[in-house]
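For reference, the structure discussed in these notes is given below.
Letters A, B, C and D mark the chains in the order given here, with residues in each chain numbered from 1 onward.
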Amino acid sequence: MKFTTYKQVRFHHCDPAGIVFYPQFFYLLHEVQEDFLTHIGFPEHALIASGTGVPIVDLKTEFMGMCRHGDELTMTLELTKVGNASIGMQYEIHGPPKTPGSTATLKLRAHGVVVYSEIPHGKPVCIPDELRSALLPYLQRIPQAS
Amino acid sequence: MKFTTYKQVRFHHCDPAGIVFYPQFFYLLHEVQEDFLTHIGFPEHALIASGTGVPIVDLKTEFMGMCRHGDELTMTLELTKVGNASIGMQYEIHGPPKTPGSTATLKLRAHGVVVYSEIPHGKPVCIPDELRSALLPYLQRIPQAS
Amino acid sequence: MKFTTYKQVRFHHCDPAGIVFYPQFFYLLHEVQEDFLTHIGFPEHALIASGTGVPIVDLKTEFMGMCRHGDELTMTLELTKVGNASIGMQYEIHGPPKTPGSTATLKLRAHGVVVYSEIPHGKPVCIPDELRSALLPYLQRIPQAS
Amino acid sequence: MKFTTYKQVRFHHCDPAGIVFYPQFFYLLHEVQEDFLTHIGFPEHALIASGTGVPIVDLKTEFMGMCRHGDELTMTLELTKVGNASIGMQYEIHGPPKTPGSTATLKLRAHGVVVYSEIPHGKPVCIPDELRSALLPYLQRIPQAS
């Protein structure tokens, strides 16, 4: 199952070339992560208040198209792995279709690995069962060879 | 040859866990790119004023250690490729040594690919000779098999 | 009439003290301005595309309470002036009530003056009639002495 | 005595109109505050580690001129008040002269009031003597009537 949310390109995301300045995409991806964790019942501020967090250790990003002020973005997240402590997160950002009626345009694809950790010192800890159960429905299903 | 510059972790880079919020690293990397382009005589604001820029198309980042408010960072950039229009950029961020006298700690390694392009529409254009000559001294020398 | 919108305090708004870092409030106020201009039919990206904008010339802010990650904010905007080219904007941010059932807490009050201008050079120009008509319903009504 | 430091307008400070997006000025002002506190021997990260901070309660800003990518800014800070717990801070930002040889241009003037406080809960506490002594040389001297 994919988690889907919608964001708007804001003035403050954009640079002198009139397009989203690339680090701003990571703010948007982090907002998607926040929305996702809230949606599954583990809001990030509650995690942090309880002394854990999900710092990132690896991130690969393909920037496939420019986004502009006012663009409506469709953002999806699904999980590629739920390990002992690490979680693989696959994001996609689609922008508006280039012409009305055509399909949405893939603008960005990113894969991040975060580690469930004690904060602030960052020692990895095993993902608790309740959180794991809430994550698993979003794990990508890899088609099985028959 | 590596380009080296120094940055300080600012209050505004840090998050409620007291560490650099990861998108902020990309602001720092972009500052290194700005400093580098200025150093080689092609300041980014002059490129943009002339109708070109270097939008990013691919970025891979390993986050290897947390950085905290007040940390002094050593940031290096060398080039992995100078193609027709694309430039490969390898960044490293080292933090202060964990104990005085020991070596600096690698905190982040990133590899980005940017494309010399007309802006705002992003059409790739061939890197002009003068810029190419200024870039080449920073191209990584791969040890040759003898 | 007041324009009202709702925003959530995001992880990236917060600092190592766990509260909103004050410059981030101005991103939120600017988002309210964007939402307002869109609501009245003059989205900021369309203004900018047409060669005009509303740069700020004066801003007074009282910070009356801390906001924390996860807080739901109620943000209001009303206008204090619609001049030839300048517009006075009064913002308030209310946070959640301290105890359930009590009233919302005023967290921030700001008054900004923006000037309808040609961009990028910033020459003030007279607010067009259509925009003026769309703004006027949000002008504060000052109680009249009888 | 005025504290003076120099900053450069970075790409990431600028908006689609090609000028500094106004909330970014407050990041720059906060960097000046950080530089100042470090200069007088009380770096902000050490204050925070010791459980105190200087949250802002009031800020008035006049935006007097646009700043652009690549501009070199001269930033000054002097104090208007050192009270029991509150400190008045007067900032000015000057940009490059409009023509070579002419004087620098005043771009922004801001007056902020911060309160020395226990964090994260924000209870004001009396400024310790050592910090007070370090602050006082930067208090504005008001010319005395003779």
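Note that in this section contacts are C-beta pairs under 8 Å (C-beta built on N, C-alpha and C of every residue); 3 or more make two chains touch, one makes a residue touch a chain.
Remember, predicted model here, so these are calculated numbers, not experimental data.
K.L.:
Moving step by step between touching chains, how few steps can get you from subunit B to subunit D?
P.N.:
Counted as steps through touching chains, the separation is 1.
K.L.:
With chain centres set to the mean of the C-alpha atoms, which chain is at the far end from subunit A?
P.N.:
Max centre-to-centre separation from subunit A belongs to D.
K.L.:
I want to compare two interfaces, A-C and A-B. Which one has more contacting C-beta pairs?
P.N.:
If we tally the contacting C-beta pairs, A-B comes out ahead.
K.L.:
Please work out the Cα centroid separation of subunit A and subunit B, and write it as a whole number of Å.
P.N.:
That pair's centroid distance is 24 Å.
K.L.:
Indicate the whole-number Å distance between the mean C-alpha point of subunit B and the mean C-alpha point of subunit C.
P.N.:
Going by mean C-alpha positions, subunit B sits 36 Å from subunit C.
K.L.:
Taking each chain's centre as its mean C-alpha position, how far apart are subunit A and subunit C in Å?
P.N.:
Computed from C-alpha means, the inter-chain centre distance equals 29 Å.
K.L.:
Name the residues of subunit D that each touch 2 or more other chains.
P.N.:
As it turns out, subunit D has residues touching two or more other chains at 11-12, 16, 18, 21, 23, 27, 30, 48, 69.
K.L.:
Using the touch definition up top, name the residues of subunit C that touch subunit B in the complex.
P.N.:
The touching residues are 11-12, 14-16, 18, 21, 23, 69.
K.L.:
Residue numbers of subunit D touching subunit B in their complex, please.
P.N.:
10-12, 27, 30-31, 34, 43-46, 48, 68-70
K.L.:
Enumerate the contact residues on subunit D facing subunit C in the complex.
P.N.:
Within the complex, subunit D touches subunit C at residues 16-19, 21-24, 26-27, 30, 48, 53, 55-64, 66, 119-120, 122.
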